[in-house]
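Shared between the two complexes below is subunit A, which pairs with subunit B and subunit C, respectively.
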Partner chain A sequence: MGLGWYITRRVGWAVIVTFIIVTVTWALITAAPNPAVRQAATQAALDGGNPSAAAERVRELRGLNAPLHQRYIDYMVNVYTLDWGWSTMRSQPVTEAMLSALYYTVQYSVPWTLFTILLAPAVGLYSAANQYSWKDHLATGFAFFGYAIPNFFFGIMLLLLFGVYLEWIPITYNSDVPVFSLENARQLIVPVFVLVTGSIGGTMRVARNESAEFISADFVKTANAKGVSKLRVYARHILRPTMVPLSTTIVGQLLALFIGASLLVEIVFGIPGLGRLTFRAIIAQDTNLVLGSTLFFTFIATIGNLIQDLVYTVLDPRISFEDR
Partner chain B sequence: MATDDQARFDQTDWEEIDESVDHGLSANTKVVLAGLVPLVLLYAYDYTLVGQYEPTFGFVGWGYSVTQLDWLFALSLLLFGAYGALPLYQAPRMTKYYWGEFKRNRPAVVSLAFLAGIFTMGLLGPLVISPPETDILIPYQPPLGFTIGMESVVECAGPVTEAGGQRVCHGSLAHPFGTTGSGKDIFRSVVYGMQITMKIAFITTLIVVTIGSAVGTVAAYGGGMVDEILMRYVDIQQSFPTFIAYLLILYIFGGGIALFILLFGLFSWEGTARYVRSNALAKVEEEYVKATQLTGASTYHIVRRHLVPNTASSIITDVTLLIPAFILFEAQLAFLGLGDSTIPSWGQVLAGGRDALPYAPWVTLIPGLFIFFTILAFNFLGDALLDALNPQAEAESE
Partner chain C sequence: MTQPPLLSVDGLTTTFNTDAGLLTAVDDVSFDIAEGETLCLVGESGSGKTVASESITRLIDSPPGETGGAVRYRGRDLTEMSESELRSLRGDNITHIFQNPQDALNHCYTVGWQIVEAIQMHEDVSDDAARERAVDLLNEVGIANAAARFDDYPHEFSGGQKQRVMIAMALVTNPDLLIADEPTTALDVTVQAQILRLLNRLQDEYGLGILFVTHDLGVVAEIADRVVVMYAGKVMEHGSVYDIFEQPSHPYTRALMECLPGGERASGGIPGTLPDPVDPPDGCRFAPRCDHAVSECHTGEQPAEAEVSDSHCASCVYYQPGYDAGTILGPDTGSGSASEEVTND
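On to the complex of A and B.
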């Protein structure tokens, strides 16, 4: 069995996983009382009408009276054809609402990802090169700090310090400024900083521990003995093997943060991105939108796991893909 | 190292050991049973004879209604004592060795002391300190050593001084950490929050370790289809982000702290299961397992006595990284206003102070710092435990 077959199998499995997850969400939604029906019944009761008749009308309108298997097939077809329904909160299709929110999420996610990928291995390598010195302790302390401080709390504190007291950055997010402008950079610098400190911590630790192993490896000693410059030794001989385990950690870390913390960071800084959209949909009881963002985040997670596995096998030729 | 010990090989009375083995029940099991019997009896009493909102221990004059979560917490403490603390007491030589290794990591020792303090305060504090109460007359009292302008507070619990024509309220010992916007004492809230944090930590750990090691060993030993199905399920669970799943369930069914703990416990064991499985697969090839097999030990015995204890270091490390994640999730949900507003968790206090940030930052700052230091302490602890328990695992653990 070769690499191609492994990749095919892994991708196929990812498709099955999304299928199962979508089914689970359907089961959850179906098992629960529909807020729209409840709302209609309450409204009818308040207006002096017949609550059960109103509930029945809404059920019929939304196709909730159809047999279960019919509803399941409809749901699955709709999900996979990206027909995710109408968002009552935004008065536009769910996919459209999510696309417009994604525009703002991407604006801080891209610099955040780039900074993490560039900085984490560099700091980790630097820390390993100066192992057990005060520089190493400083870097380690920084890593632990970033890892341990709740991102939203850190965000609030920085906003208070730089926004309210020092007035260096705007307190409210302005969504009208052009993407590549100084104002946009100014309002995104703190959210990006907060997220980078969050994601760099764990990754930097892995980079440090992994590269510490290679610093005393035979091939590094050989390179040093041959008179290869120090920079080249670190960049070519130590960084490369370190990147193998690191690449998977980076993907995992970024994913975990993207799904959990970025939601909070968006709310703290008032960025109208996907996280805030999800949150407002929950508050506004907009089922379609909640479901849409849930599915989006799970798809991202599945794809992320897929990439993580594939990157690992492609980068490290020693991995056997038979026993996976 | 062991030569001066009394337990020397040639002096051991093997017949005595044979006899003691025949009893079947280990000391740990006895402790569990001894604790479980009163626990179950009390639970049955609470469930059948006491009304839902009546205090459980009314007969001794303690007006506290024990919740389902408290029972689970007691159970997890019992199991932790029997299988975590008791073995350390039973094997003093190993305990000394681990402690010697652990001690070398100074921040970890400080972290352990900090967490032990939080644990003790959280466990015993609520017994002696009354719960924080709303008092609209004293909102935003500053902590000891801080001041606030009188225009923000209705009454001042501490001394009031005049500075530059403006009257300022000083913090007092009555409220050492100040109060929230509704006049709740922050110190008391923090102490009660410690208990919630410890409940989250212990109960989820219990669930994660139990299910994780069970699934891991069953997959490794069952092999074939069993292994395939269990591990594929683990894959699915890993793909479904628990935080998003919780948001969805919260949206559909509503939630509380009990649901939070159960859900995060039930859907976070995949890492542990993987560790245990891969470790079990590797250890099966080891000589000592083969030797045990040859002496006729049952599969259960091998798994229980040899495989699970040998995986303990990975499990412990995994758990010390999971617990801070749970604490963080709870705080995040509370901050979003989606947490359990009936409990005084740190996240709830933190979230409540957000609007008053410019003039009363301590309401946010104090619980935030507690969350920060607790997460930090768990990380240092995990780091040191990994080094102490399993020196070879340094690289593979991450």
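On to the complex of A and C.
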């Protein structure tokens, strides 16, 4: 049984995982009192009507009087058919609201992810190759700085410096500019930079430590003894094994930042992306929209872990995909 | 003009900058290897033999390592070559096998890929041609079903098989000199014998000069033409394998021989430990552990190499004028039994 079967099973497991997560969210929502029902009851009481009759009416309207298993099946079908309900805040379907927000999130997430994947291992390798020299200390210092400084604070400071004092970049985000344009690059360069410094720090440290281990490995000595050029030794014989443990960290780091830091960065820079949408939905108590973005991030996390597992087996042939 | 030797090592010195100070791992070591000859570099762990073998093609990282002296390959000085000149020699004319086959192959690539890399680093051959050559050589070193195993990863091979792969990789460019650093130490005894036989056969076939680093005198007896005995970075004695085994002349060599099974030191070993390489003792490096050491042995430099017989030299004061080598050798030459009676110091 080969890689294909392994991938099939892994994807199957990912589907089961999302199934379990969605079930748990449904159970939590069902167990919690429904704000709409309570609101209707309060309103009826204030208007001098019958609170329990009003509550019953709303329940009926929302299908809450159906038997539990019926409600569960409806909910699951809706989730998997992407019928995620109506957003009261945006007055549009949740999926539509999220899709339009995703459009802006992708614009900075893609360059951010690419830069992290390309730069972090390279900086780590550079640092390991020059271990304990000033070059290493400089790269390490940069990594620690990016890792330690809160993203939103760093973003505000850079915005202040380059936007307000130097006026190199626009202070307010303009969502009307075309995706591939100089203006868009100018307004996204600082948020991307902030996010990359945040994600590169931890990843670069792992890359440095792992490749430092491989630099003194016997197989690198073998490669040197074969007459392999320095650059090729680094790229092929050191970077490649380093990518195995690194792929775990990169996915984890990106996911953590994607869910947490991107929200803050979007608010700081005024990008109307998913993070800001979620934030506003929470403030406005738009339950459907909050639930929608929670599900979205859940799927992202599951897919991220799935990709990581697959990348792992492709990168390290010693990891067997037979009995998993 | 006389033909220069295949490899001539002259005054090789390798030092490392450590926190404790300048560590001299290899100190003024000289030897020659002729075409098709097997030279064994013998010594206990920490004697500097591995560092010496890796200093030849400058595999030692610098810093912290620093290599001095001259290393001539067919008359060309490797120590004065540029990194790229040296690289074209490494893996092509001079190849290496290392001690631990478990880690010597990169676990991310198939063994075939790694052998093909060795070929294509030095020759402009197509992937198919390189593959064919690699499979041929895998066959020759005794990998069963080589064509199928070409695409296997190192972790799918046993230790002995990995070492065979390493040998194949070291021979695939048809080198003149193979530097084998304890290639059998990490293997069990039966596999060890197979690998040695394989090396012997391939040496005849390819006319290979071999520098064989080992601490195992049994292995030395089996494969060596000539032997260099090292201790604490210095050459103690060198000569043909017959000289060394029939008339071990330096007290250190004699002590080593007595450590062999059945010898009188077989259970106890040589008392004492290797000297501190950062701060080696004055005089002969072995003097603090030597049964025969006299006061001269503790002052000045390592005694100059003195000829014991033709092409057999020992670095010991007893072979210099005014001393009686018989004190070491004993009346019954070769048995070493007399060493008990003479207990100086």
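Throughout what follows, the second predicted complex is superposed on the first by the 292 of 324 C-alpha atoms of A that agree within 3 Å, B and C clash if a C-alpha of one lies under 4 Å from a C-alpha of the other, contacts with A are read in each partner's own complex, and residues count from 1 in each chain.
In this section, a residue touches a chain if its C-beta (ideal position, glycine included) is under 8 Å from a C-beta of that chain, and two chains touch if they have at least 3 such contacts.
Worth saying up front: this structure is predicted, and the values here are computed from it rather than measured.
Taken together through their common subunit A, the two structures put subunit B and subunit C side by side without a clash. Of the two partner chains placed by the overlay, only subunit B lies in contact with A:L28; subunit C stays clear of it. Touch criterion met: A:A225 reaches subunit C, while subunit B stays clear of it. When the two structures are aligned on the shared chain, A:Y80 is found in touch with neither subunit B nor subunit C. When the two structures are aligned on the shared chain, A:W168 is found in touch with neither subunit B nor subunit C. Touch criterion not met for A:F19: it reaches neither subunit B nor subunit C. Judged by the touch definition given at the top, the superposed model places A:T249 against subunit B, while subunit C stays out of reach.
Subunit A is touched at more residues by one of its partners, and among subunit B and subunit C that partner is B.
Taking the C-alpha centre of subunit A as the apex, the lines running to the C-alpha centres of subunit B and subunit C meet at 80 degrees, rounded to a multiple of 10.
Of the two partner chains placed by the overlay, neither subunit B nor subunit C lies in contact with A:W5.
In the composite built from the two structures, the nearest CA pair linking subunit B and subunit C is 13 Å apart.
Against subunit A, the residues of subunit B that register as touching in their complex are 232, 235-236, 238-241, 243-244, 247-253, 324, 328-329, 331-332, 335-336, 338, 350, 354, 357-358, 361, 364-365, 368, 371-373, 375-376, 379-380, 394-395, 398. Taken in their complex, subunit A has these residues touching subunit C: 217-219, 221-230, 237, 240-241, 244, 315-318.
By the touch criterion stated above, subunit A contacts subunit B in their complex at residues 13, 17-18, 20-21, 24-25, 28-29, 31-32, 144-145, 147-150, 152-153, 156-157, 160, 164, 205-206, 209-210, 213, 245, 249, 256, 259-261, 263-264, 267, 278-279, 282, 287, 290-291, 294, 297-298, 301-302, 305.
Subunit C makes touch with subunit A in their complex at residues 54, 57, 59, 83, 87-92, 95-96, 98, 100, 103-110, 117-118, 121-122, 153, 155, 166, 169.
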